[in-house]
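Here come two complexes built around subunit A, the first alongside subunit B, the second alongside subunit C.
Entry: the complex of A and B
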């Protein structure tokens, strides 16, 4: 076995061990450095792995221990997993860099270490959700990311964050509970926990027509549970307060990564356990499709009504997640490819928008109402440019990443006439709605401030500059040179 | 938007309203109450009233639909119960030999478990050897849960005030003076027994029912009993936040390191050089004993940590 095959296991363990060691460190600064190291090491390992298995187009499974798969645990890695893991580590690293100043301002000094424990464990959980080949391991890491995600919202310790954490916690636990019931029922009717064995049994059950009703309930419960946790349309109301009130790095990580972790798991379950054909036959894809369309509209309308820039971005996340669910709901390979691409696009764009928004508000006494930010872009030009690039990408202007994603969604629907019209109309409407809140926000940022409104110029922040430049580069890369990424995703989906 | 904001805005023309919206609202009439405009450093001292406003408003908005919400909630609940009941009724019968869950996986656990893991207690062999990665995740869940509670409840300048500090100081003084005779006498007898029993359950995890999770809970309850009967001050003489932190981190580190070694050797098909020993002996079954001890320590500390944080907000 090539040594490179150990890298997924190394990256998960480096993150988990960093989290465990953190309480022994001297202070929050060192914990921050260790978190940066963990994310950086994860990025390097995943990058090398991607460079190795991406071009070779190979996939492998990694035995966690001395016992082969149905008895022991297993990771399974292919091009898709490698791409997603690289993106996750990159976004984590950049979100930590971009939000570092706010973390040290918002979190009490004695609790900063604890905050970074949560960040490390979230990264470990996301990597494990991406790599695992075992449904129970997936559940364990869902739990880890649930707890840690609530903690990073709560870390700011203001009234607003506590209330929104409470709401997030209840919804998130409801989601975990439904997933767990789904897993238990699935184990009862199949007797397996490993993805390939589960798939074999599920196909047998479908072929013989046994346990059709429990199987439908299982798929429903798992989709519902993961949907609640990733803010699918009717269950999205917890997201704007939680993502809008948390500290910058938390908002970036939650919007950019944590909600995506569950969607990635859902896609992998659809491919590796239930198979797309079965899911389509059970008509679950149609439900996801309609929820996705509704989410695109409802999220954007919510964002239009919002005057608080971070909550506006959070509502926009609901809309963007709607795109992802719409892609999954198409129930075809191209649709899910577009959904995966949208996951990458949103993961690169939204953290940049969040960190730029809070960098812009820093000069205005952290007042995040849009009216208070008029002309703020002149005080921190890089943040202004970053916000503008992010906004244009979210609207879907050509050359920016969001445009490529929308093109893929539009072309993915061509085979299904009914869904095509619904998708195209909703895409058009949602683009207009996106423009309706992003353009005024960008215009407000770049308009000349009125007398007495101008804030002080911000001191330069190299960490923030690195993260914004990297994110801008990623947005243009995904918008212009998307072909290699798309090829990797397609190959990865074919190998799942 | 709230009613108040709307009634004020009625006097404006729709064009003016549109202009306001394009500008992101005006300073006089924000769409939502602003966060207090104060420099960040002074944030801790800000009054909480301003922040509480959006919550209340939201609640008032909810109360309008309260009846509909209640009816819907009941309906959804009933439907969910019905669906789950129907699904469960169609499941294979529990314990019947032709269950789908009676397959090669279970067979190997039962038949070869002793030989491959060296653990007489089959469950220990399963959770700490066959599926040790999941159990590592579960121990991390405990660690995260107690870290989370620490983050929320640990006394700091945001969640305490002078009165509370005074009250706690007084409680400490009272604890120092008054000893409940019945409680302390009983505790003196029960605590050593409970601790020894907990240690026994942990150390015999691979031989008899029990193991790290159950033994750790017993030891944790002994610690809680000590804190209840002798007071937090006596407790903190040998167990404070620093010790707690070190013990938990070190135990999890040992777990992570030994399992990382075992995963690495296993996946790369290397010899692990860990002797399995004679099944039934106390020093047997390879890493399981060490892992059990680590899990036991983490669980005991977590149990006591929850108690201390929820009652006093400190360790």
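Entry: the complex of A and C
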């Protein structure tokens, strides 16, 4: 076995170990450095792995502790997993850099170490959800990421975050309860937990026509559970208060990564356990498709009505997740490829918007109402540029990443006449709605402030500068040179 | 109907799951919500434990020489139950800590009242 095959396990393990040793460190500053190291090491390992298996187009499964199936636990890795893991580590690293100043301002000094433990565990859980080949391991990491995600929301310890954490926690527990009973029923009718064995049994069951009803219920429960946790319409109401009130790095990580972890797991289950053909036959994709379309509209309408810039961005996340669900709902390889690409685009754009919005409000006494931010872009030009780039990408202007994603969605629908019209109309409507709230926000940021409104100029922050420049580069890379990424995703989906 | 009686453990588990789920969703009292979560998860463990049990076989513990695998019940569901219990204990502990924090701030565990108070104070 080549040494590089150990890297997925190493990257998960480094994050977990970092979380475990963090309490021994002196203070929050060192915990922060360790978290940066863990995310950086994960990025390096995933990057090397991607460089190795991406061009070679190979996939492998890694036995944990060298116990063979069906006893052992496995990771399975292909180009898709490697791309997603690299993106997850990169976004985590940049979100930590971009939100570093706010973490040390918002979180009590004696609790800062604990905050970084939660960040490490979230990264470990996301990597494990991306790599795992065992459905019960997936459940355990779903729960780890739930607790850690709630903890990073409540870390700010204001009344608003406590209430929104409670709401988030209740919805998450309902979601994971449904996933758990779904997994148990699946075990009950198949007798396996590893993806390849499950797939074999599921295909046998479908071929013989046994347990059709229980199988439909299982898929329904798992989709519903993961949908609640990833804010699929109509279960999205917990997201805006939670993502809008948390500290900057938490909002970035939650919007950019945590909700995506469950969607990635859903896609992998569709391909590796149920197979996409069976999912299409069960007509689950049509339900996901309609929920996705509704989410695109409802999220944007919510954002238009919102005057608080972070809650506006959070509503925009609901709309962007609607795109992902719409792509999955098409139920074809091209549709899901577009959904995966949209996951990457949103993961690079939304954290940048959140950290720029916070940097802009820093000069206005952290007042995050849009009317208070008039002209704020002149006090922190880089944050202003970052916010503008992110907003243009979200609207879908050519050369920006969001445009490429929309083109893929539009071209993915061509084979299905009914869905094509619904998709194209909703895409057009959603683009207009996106412009309706992003353009006024950008215009307000760059308009000249009235007398006495101008805030003080902010001292330069190298960590924030690095993160914003990296995110801007990523947005243009995905908007212009998307072909290699798309090829990797296509190859990865074919190998799943 | 007959199937429900034969699989009475599973039937009971699914009913309990429903009770727990609705409590977690609909109760206003946060502590009762978490009790609902406890019922919901226990129902899943009952389901799993009944799946692993095979009437007339031994507990999967080796004493002396290795006997035939067909003599033992299926140990995997028991392992899953153990893992699940660890998860639900930590989630319960976290939720209760959060509820305590909310109680310190608002002096109530009724979630509707908490939301109302938070709104009045302009926190949300």
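Operating definition for what follows: the second predicted complex is superposed on the first by the 496 of 496 C-alpha atoms of A that agree within 3 Å, B and C clash if a C-alpha of one lies under 4 Å from a C-alpha of the other, contacts with A are read in each partner's own complex, and residues count from 1 in each chain.
The criterion applied here is as follows: a residue touches a chain if its C-beta (ideal position, glycine included) is under 8 Å from a C-beta of that chain, and two chains touch if they have at least 3 such contacts.
In this text the structure is predicted, and so the values were computed from the model without any measurement.
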{"item": "Touching partner for A:140 - first (subunit B), second (subunit C), both, neither", "value": "both"}
{"item": "First (subunit B), second (subunit C), both or neither touched by A:114", "value": "first"}
{"item": "First (subunit B), second (subunit C), both or neither touched by A:305", "value": "first"}
{"item": "Touched partner set for A:150, first subunit B, second subunit C, both or neither", "value": "both"}
{"item": "Partner chain(s) touched by A:173 [first = subunit B, second = subunit C, both, neither]", "value": "second"}
{"item": "Subunit B versus subunit C, judged by how many residues of subunit A each one touches", "value": "B"}
{"item": "Which superposed partner A:399 touches (first subunit B, second subunit C, both, neither)", "value": "neither"}
{"item": "Shared subunit A surface residues [contacts with subunit B and with subunit C]", "value": "136, 140, 143, 147, 150-151, 154, 157-160, 163, 181, 187-188"}
{"item": "Of all residues in subunit B, those that touch subunit A in their complex", "value": "1, 21-27, 30-32, 34-35, 37-41, 43, 48, 51-52, 54-55, 83-84, 86-88, 90-92, 99-106, 108-109, 116, 129-134, 136-138, 140-141, 143-145, 147-148, 150-152, 154, 156-159, 245-246, 248-249, 252-253, 256, 260, 262-269, 272"}
{"item": "In the complex, subunit C residues that touch subunit A", "value": "17, 20-21, 24-25, 30, 33, 37, 40-41, 44, 47-48, 51, 76-77, 80, 83-84, 87, 90-91, 94-95, 98-99, 101-102, 105, 111, 114-115, 118, 121, 123-124"}
{"item": "Residues on subunit A engaged by subunit B in the complex (per definition of touch)", "value": "1, 5-6, 9, 13, 16-17, 19-21, 23-24, 62-67, 70-73, 105-106, 108, 110-111, 114-115, 117-118, 121, 128, 134, 136-137, 140-141, 143-144, 147-148, 150-151, 154-155, 157-160, 163, 181, 185, 187-192, 201, 211, 213-214, 217-218, 305-308, 362, 364-374, 440-441, 443-444"}
{"item": "Subunit A residues touching subunit C - in the complex, by the definition given at the top", "value": "136, 139-140, 143, 146-147, 150-151, 154, 157-160, 162-166, 169-170, 173-174, 177-178, 180-181, 184, 187-188, 193, 241, 245"}
